[in-house]
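Below are structures written as structure tokens.
Below, chain A partners chain B and then partners chain C, in two separate complexes.
And then the complex of A and B:
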């Protein structure tokens, strides 16, 4: 009754969803704390991929070394990004400025400006065309499971995403760092009053979130075998959509919605056309915003 | 500054002289089509920036899909010019009206959203419209774009030559900006400002905030549509790439650089961000980086922009002849 072709399409959609999830985790972590959409997250993803590319072409180290170096680069990027684009707008810590929309929107725009500079800088340095990766590093060797064929990259990305999600849940619920992150997330001023170093907590969150973004960048780059300066834009938007659908501050919700998004896009590609698949994400976003303004998993939950 | 602006008519007259006499005369001296093209671009983007200023600056709604309505206007004008053989006089109002109609339809359900949800919804709307422009090949010719060969014809006279086209564009842009100026510096504009400062409070004081948001969104899309028609007729070619997200961001950057809530600021931002890349063309690819840097630096060091809302409010008070207490500069409103 079920054509294996459709199963294959489902598998492709699911793997796409896992890729979005990988991106959405870091995005949501940063959003949940600062209440600021970090537009530069897509560029962290791109820069992570380029760092991996440089490392591979220069030293050709083993895969795991590449991954860990990229994670370290990502953490450094997150630190720098926070210091450049977000810290200057926390000059005032009174309640009015913390709640002021102007303050939040100025960081939104400053991160946007940083992302433009980063993307265009990369284009000058590397050109806008795709950079190819050495063949032996690509993670797309096929694995057949019954009638469905997936590639090694699907497994690796799935495992990494699961590890990130699990690790993050552990970090947020069981450790002191996670506790302070959640405290700042719930009420920055209150967190300050009880003696939490909000500044350090925020920068830590940025480092962790960007680490995940950069890791996602190199994994997806190796998965598709192509790295280019504008690669962060579309996954960035999809992660954004997944985050909103998941209720803006719920990481598991964002992951589930990212999977849902990938699946629906896969189905749209199969039954309509790949050109129109992007409409699915935007349509989901509008429908979510109008009918489920709390997100599918956002209502009544703690901001984790 | 205050000495000059106290005589309310001096600055507008100087600006009109600049736009209608000094600029075309200087450009005609150089006699190159390229300079006229840049001048048209500056005018069109001034109109776009001012129309976005009404939504983002005055009403305080972060709109991330403005270029899409600009694109609808451009496509309507171009398609009417090629497929229906209807000229500029039909294309221009039709472009504005169709863009406004689209805006109204999408605004009805989405304008209840606030803050970041609103920004995300407008981003999605912009992307959806751009996707349709890109993929509805039967009508929009897809990624190939539409070529519009028929120039501007006014009442049977063909408008030929860059100077004449410049004047047509200038007249439309100046008239639209004048309308937007009157609108944002009126009591209606003050209602929009109340929306920006505290929409719950505005609601409590009897302002229908949702209706106001829908109106201002539709109005701004109308003027974006006009700008789109001008773009289609001046370049003779429209393609989806001209109306994507990064263009929305470019327009937003103009409003931000000039100072949120300030109409002269929006124009100055448009002039800066169009001329800067052209002047820096010698530096090659660095120009886009410069746009990003200018935006970042202006957000960081000039949070009120080049012309902040405070001076703009003082301007309104003078123009309306309303005495609102003594020193306006003492009482900061809104954006820090």
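And then the complex of A and C:
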């Protein structure tokens, strides 16, 4: 008989996977419009979690209010991040410099700098240890489904992520804002010729991507009851792996690879210690880079 | 007063000056052709008009307003659209999406009218734009610009890289669009075809307008015939 323990691990892996997916979308959207990796994305996740923590300790609002405030904070973070670390480097508007190597390298450094400042700032303000969350906010009440026991958090994360993914899909295919984002990703110069305000589209992309990152941060914080300044690092790396595996600019690719990562990590913990489960993600990355240099869903657009 | 009035337009790239004081006029409902060989600054001129490059000096008046310091999206909002060199369509998106994006605030209000001009595109609405043939991509590029209800259309080398049978189609289309009330500024290497549909023409040489006049006069000018129409003038 199939051991229900595996099903449980699959459920945990799925939650983990959708969290990686939310993070990976932020990376992928931003990579799409600017061809740059936003290294401060992990800190958006952390700051989102801390914003939720502060809100909970100060006002103790209902869960949904916490979530919506954190999403708003995420959008504001994305806006600020773009203005501080990306916009100042965009001095020329032709296609060659908009996606140039120089742009890529300078913003890589500037976003890394912002991420270090944010993480160290949080450590100075809160200390590097885990913050305690009020018990009633934790989303880990057990739910028994037959022989399998999952927690409320698994359901909540899955539902919230599904809503966000669905919302994003609607935005990107049906709205002017979303079409502008895709147009700038596809051809920034062409976008200028049809009258798209590329600067505004880029900052909107950062806001949307960061909203999803911050949302993922608070969900994970409440799921594990663990909020600390360095919490964004590992999910950031995993989401980066998912983006690379998915082919850098493919959102469906990133989501599928993120789910794959989460599920395989969940299963791996059955056989090896959870510390070693991280190896799975990096193993996938190495295999992808060696055998699929354009990513699994990259459709030959660009080498990773 | 001309619809588009360019005076003393100077554009530099780094230390190099590409355009040295270009003057050019496009009248209401007119077709103006800019001729010239590779590298004389035709595309730079077109990009400067659309706000992709910022001019160093000079003015570009459109409907009386100086647009030389505006951003590209502000210029498009005023009704100056360009079908740029290299087409610059969104090749990973569908034909319909390309047209919706082109429509901007106008949405799809122009779609029906445009599909009459470009029946081929109507058959390919859900196809990915990158899978169209070169001629169809050029049509899409022009159609996308027309979706925004422009009052002037700039065309940068619309016949570049197209099979001869498509070239005629494109030029017929351009005069048809003019007949519907648009002004057109067209940059072309195919001088013969351009002069046939144009009212006025200008010849660019190393960043300057070297000759300007009525298209019929230029078509008979020995200097033009020699340099661009590939033949000798036959005295009748």
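Rule of thumb we're sticking to: the second predicted complex is superposed on the first by the 296 of 304 C-alpha atoms of A that agree within 3 Å, B and C clash if a C-alpha of one lies under 4 Å from a C-alpha of the other, contacts with A are read in each partner's own complex, and residues count from 1 in each chain.
Convention: a residue touches a chain if its C-beta (ideal position, glycine included) is under 8 Å from a C-beta of that chain, and two chains touch if they have at least 3 such contacts.
Since the structure is predicted, the reported quantities are computational estimates derived from the model, not experimental observations.
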Q: Name the chain, either chain B or chain C, that contacts more residues of chain A.
A: B
Q.
If we overlay the two complexes on their shared chain A, which of chain B and chain C does A:113 touch? Say first, second, both or neither.
A. first
(Q) I'd like to know which partner A:240 touches here: chain B for first, chain C for second, both or neither. (A) first
Q: May I ask you to decide whether A:37 touches chain B, chain C, both, or neither, giving the answer as first, second, both or neither?
A: first
Q.
Once chain A of both complexes is superposed, is A:182 in touch with chain B (first), chain C (second), both, or neither?
A. second
**Q.** First, second, both or neither for A:121, with chain B first and chain C second
**A.** first
Q. Can A:192 be said to touch chain B (first), chain C (second), both, or neither?
A. second
Q | Which superposed partner A:290 touches (first chain B, second chain C, both, neither) | A | first
Q: Report for A:282: first if it touches chain B alone, second if chain C alone, otherwise both or neither.
A: first
**Q.** Contacting residues of chain A [partner chain C, same complex]
**A.** 93-94, 176, 179-180, 182-183, 186-187, 189-198
Q.
Looking at the complex, which residues from chain A come into contact with chain B?
A. 37, 85, 88, 97, 100-106, 108-110, 112-117, 120-121, 123-124, 233, 237, 240-241, 244, 248, 273, 275-276, 278-279, 282-283, 285-286, 289-290, 293
Q: Write out the stretch or stretches of chain C touching chain A in their complex.
A: 47, 50-53, 71-73, 75-77, 81-84, 88-93, 97, 100-102, 104, 144-145, 148
Q: Flag every residue of chain B that touches chain A in the complex, lowest number first.
A: 60, 62, 109-110, 112-113, 115-117, 119-121, 123-125, 127-128, 131-132, 134-135, 245, 249, 252-253, 256, 260, 285-286, 288-289, 291-293, 295-296, 299-300, 303, 334-336
